[in-house]
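Both of the next two complexes hold chain A, though its partner changes from chain B to chain C.
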Partner chain A sequence: MSQMIINGMVLGMIYALIALGLTLIFSIMNVVNFAHGQMYMLGGFVVYYLYGVYQLNYFLALIAAALALAVIGIIFEKFFFRRVIRLAKREENTMLLAMGTALLLENLALFSFGEKQRGVPPVVTGVYEIGGGYLPAGRALVFFVALFLVIGLLLFVQYTRPGRAMRALAQDKEATYLQGVDINQISALGFAIGAALAGLAGGLLITIFAINAGSGTAVSTKAFTMIMIGGAGVVSGAILGGFVLGFCEAIGYETLPGSTTYLIIFIALILFLIVRPQGIMGRPQG
Partner chain B sequence: MRDFRRSLFLAVLGIFLGAITLLFSFEKAVAQEKVLKIGQLGVMSGPAASWGLVNKYCIQAAAEMFNEEGGVEIDGEKYKIEFVSIDDKMDPKLAVSGMERLVYQEKIKYIIGPNVDTTAASVVPVIEAAGAINIAYAFSKALYSPPHSNSILGMIASYQAGPVIYKYLKENKGVKSISFIARNDSDPLNQRDEGVEAAKKLGLNIISSTDTYEPGTTDFFPVMSKVVKGNPDLIVLSGVAPADAPLLIKAARELGYKGLLSTETAQDIKILNEVAGKYAEGFISVGGASTPEIQSDYMKKFVERYKKVAGEWNDEAGTKVYALQMIIYTLQKAGKAALTDVEAFKKAIPEVKVRNPFLKEERILKYVGTAYFGQPRQIGVPMIVNEVRNGKFETLFIGSVED
Partner chain C sequence: MYFEARNIRVLYDRVIALRGVSIALEQGEIVTLIGANGAGKTTTLRAITGLTKISSGEIWFNGRRIDGLPPQKIVALGISMVPEGRHIFPYMNVKDNLLMGAYLRKDKKGIMEDLEKIYARFPRLKERLRQQAGSLSGGEQQMLAISRALMARPRLLLLDEPSLGLAPMMVREIARAILAINKEENVSVILVEQNSRMALKISSKGYVLENGQIALEDASRNLIYNDHVRRLYLGG
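And then the complex of A and B:
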């Protein structure tokens, strides 16, 4: 039981961090960023090279991953999405663009970094025994850093001027514009933060999971599942969705035959979306 | 002056004509250079990209080495090797269209790949209709058994390695109980089922065999928690991909598991060291000609060439190096006719018996598999069982597949 709770807590926190970046971009720009998993993967590679290969301090490497992905996010927003959103009359155009960027990043990574799985030396070592369950120190570190980042993001969005502008933009674009907010700047900031969060998640999780050039797709799929559960575009929903999926996995793998865990999760998700299509915290359409 | 101009004109004309003649003779020489075209079809993107890319790099490295020697000799004539590579993304639809391109558009008779059961099964009708041969890396027995005869297994199958490894561990390490964990995918599940049967025959106590994880899983802690709880003497990672193996090992060890861990698939030591670190110690897997202590000088040269082609060595290549070499040996045995007629190639299969060029010790390389498929449709890759010791693969023993 205690192992199940530990697994659920750690998975939930990790998933929440992954889902946050995706939901942030969706709320501000109404863009489903299919390249979110690929951004996660790139963040992992930045940490792999800086910390694993060139032996830079891990936390500096993590900051570098966030900055690198923020820059990529700004480039994507400014040169790709901003123009397509302005010109396109259908939402599918941004989705296709997002899919294109995902394929672009994946193939660039495969070409540049090769096909192998990459991992880094542990940042901390040891295993804690808590109530009969095991918690490796690396996972504990990931849990607390992720918790710190989630709280930091919530405080930023709630109490700072750009954070409030982002929330306003998510609620009503025209009203925000009429209040004198630079929409382009806030959109770029939102995309940069979303991408940086993906990069941070990748940089953080490479210490316990490792990555390869193709690992982004599975991450994106799980992130979409989480925001569907929690409610697309709602920050608190992404966190909740992350924990719900994390605990479902932990309980399912512990109590059910392995192959049925995700089958049941997806059946439950379909039934849940029939009853509440906007997710737990989402607003109903219209 | 007039004579000088005339001489100059004649000299320029002479140079021009000479150059044209040289150019034509060069083109003629190029045109006369014979080419053996090889196809490669496999997964080269996504999480399983390493399976197909290792095939590609092996062909490229070996082809470069052959071509530098002037090509391969078949019936007294030299053939330069060219290859065409297609990514099937592990999708049967793409595998079929890729194979159609190779056999009909490129007119290739010998193809290396695909890498998994689903794609390998999907291309069988194409290669049979086109009269081609493929060396696949999928374990389904139906692919290599009559009425099919155009597919050849390129490596040791899990149902061949499993019983040998379990028996060794039972006799030498006192293993009495066993658990299996597999990815929820057709290949690994088949391999697990074959492994369970082999373990039953050996009288091992099977503690669990139903635990699986979804493709794309990165956190194996929850699923491994359940497996470790049974505390078996041996946990078998059935059909595990090189990307997943170190994470499963790490999760098991961090959960306090002290027993043995093994797999019947080839792994890469760098990935194991990077991701699992010290937890990879004692892990048992099957390799090809990977460990330096068993490599011939030719294999060492191949390893160096592979590094130039791919950027770094991958231990999976120790198994996949055999495919192109065996195609060439068989073509040399069958003669020129087999370049366009695969029936001649098939006839020569039982006659191919050469010294394994990749191993230091003297071993015969031939086609095997009659005991499993009713016909020799498997490359007799030696079954080299490795254990991780001090961050390196060390050969536990070398076995072989029955004829």
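And then the complex of A and C:
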């Protein structure tokens, strides 16, 4: 029992981080970032090379992963999405573009990193025992770094000037223009932070689960599941969705045989969405 | 002239929305644009703010040509707009809405002073500072929208249908607030209104827009007695 709670908390925290990044991009730009999982995968590879191969300090490698993905986010926003959003008359266009960026990143990764499964040596060693369950120090580290990042992001969005502008942009684009906000700048910042969060999640989780160039799709699928559970575009929903999925997964892997966990999660998701299509915290009109 | 739009034209997807509109005002003046739905009132305001690009003509403010500038530059020069339907940020509290209005300002002390001024002008907003803006009444939302625009310390305030959907008592309160802001802060105002009677009462000059053109312009006190205006816009 306590083992399930421990596993659920660790997974939930890191999933919340992934879902927050996706939500940030979706809510301020109305872009469904299908490449979120691929960004996660790239973050993992940055840490794999810098920390695993070149033996740089782990935290420096993690920061490098965040910066690398932030740069990719800015490039995507500036050269791809900004233009398509301006010219497109239909939302499908940005979705297709997002799909394309996912394929682009995945194939670039396959081309440059190969198809091998990659992991890294543990950052910290040791195991804590909490109420009969075991928490390896490596997972505790992942949990606390993710917690720190989630709190940092929430404070940033709530209390800083650019954070306020991001919230404004998510709620009313025209009114945001009228307050003198440079929309391009804030969109690029939002995309950069969202991508960096994906990269950080990948850089953290590679210390627990190995990745390969194709890992992204499964992560994206999980990320969308969280958003659908919690409610699209709502910060509290993203966090909640992350924890709900994290716990479902932890409980399922502990009690069910092999791969049935996700089968049941998806069936439950479909039933849930029939009853409540906007998710737990979602706003009715989307 | 403090502000002048010269013969501006606007095309939306090849449909002509404005066919050469010229308006002008002196510093500290309130002018009004009246007209039916679709006459081009909102388009005129949007063209001034840079939200809508003009296809020809010129817009001058305080000795500078401003057409073609992006909206954030125009706000920085001192033109703020209160859009039709208020467009407050509904899931943000009242205080954060006001701070969004001060987005381009760096003077913390001045921002605090202006917040105090707004609390004094609209005590109801002060009572609801931590409340989500979407939960305010229509009149309170309008007060918030005007206050948010004032937080940018504008020299020219563009108001799009501030009385829309408000109870008569609230319309009077908003009208009084507009007059007070104009007098006390020496803010010039361009007021777009369907409530032509209120608009002509508080303005010094009026323009009647019809089909994307100025059909009539005169001192507001003359327009109130103009037959055409009485029949079409003041209900006989």
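We adopt the following convention: the second predicted complex is superposed on the first by the 280 of 286 C-alpha atoms of A that agree within 3 Å, B and C clash if a C-alpha of one lies under 4 Å from a C-alpha of the other, contacts with A are read in each partner's own complex, and residues count from 1 in each chain.
Here, a residue touches a chain if its C-beta (ideal position, glycine included) is under 8 Å from a C-beta of that chain, and two chains touch if they have at least 3 such contacts.
Quick caveat: nothing in here was measured; it's all calculated off a predicted structure.
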Inset, instruction - Give one of first, second, both or neither to describe whether A:257 is in contact with chain B, with chain C, with both, or with none. - result: first
Legend entry - More chain A residues in contact [chain B versus chain C]: B
Inset, instruction - Would you check which partner chain A:114 touches, where first means chain B only, second means chain C only, and both and neither mean what they say? - result: first
Inset, instruction - Would you check which partner chain A:172 touches, where first means chain B only, second means chain C only, and both and neither mean what they say? - result: second
Inset, instruction - Name the contact category of A:136: first (chain B only), second (chain C only), both, or neither. - result: first
Inset, instruction - In the overlay, answer first, second, both or neither for which of chain B and chain C A:161 touches. - result: second
Inset, instruction - Check whether A:181 is in contact with chain B, with chain C, with both or with neither, and answer first, second, both or neither. - result: second
Legend entry - In the complex, chain B residues that touch chain A: 44-50, 53-54, 181, 184, 210-219, 221-223, 225-226, 242-243, 246-247, 254-256, 268, 270-271, 274-277, 310-312, 314
Legend entry - Interface residues, chain A side, partner chain C - complex: 161, 164-165, 167-168, 171-172, 174-182
Inset, instruction - Would you pull the chain C residues touching chain A in the complex into a rising list? - result: 49, 51, 70-72, 75-76, 80-81, 83, 87-92, 96, 99-101, 103-104, 148-149, 152
Legend entry - Contact footprint of chain B on chain A as seen in their complex: 3-4, 7, 10-11, 14, 52, 106-107, 110, 114-122, 127, 134, 136, 139, 205, 208-210, 212-215, 217-219, 221, 249-250, 252-254, 257-259, 261-262
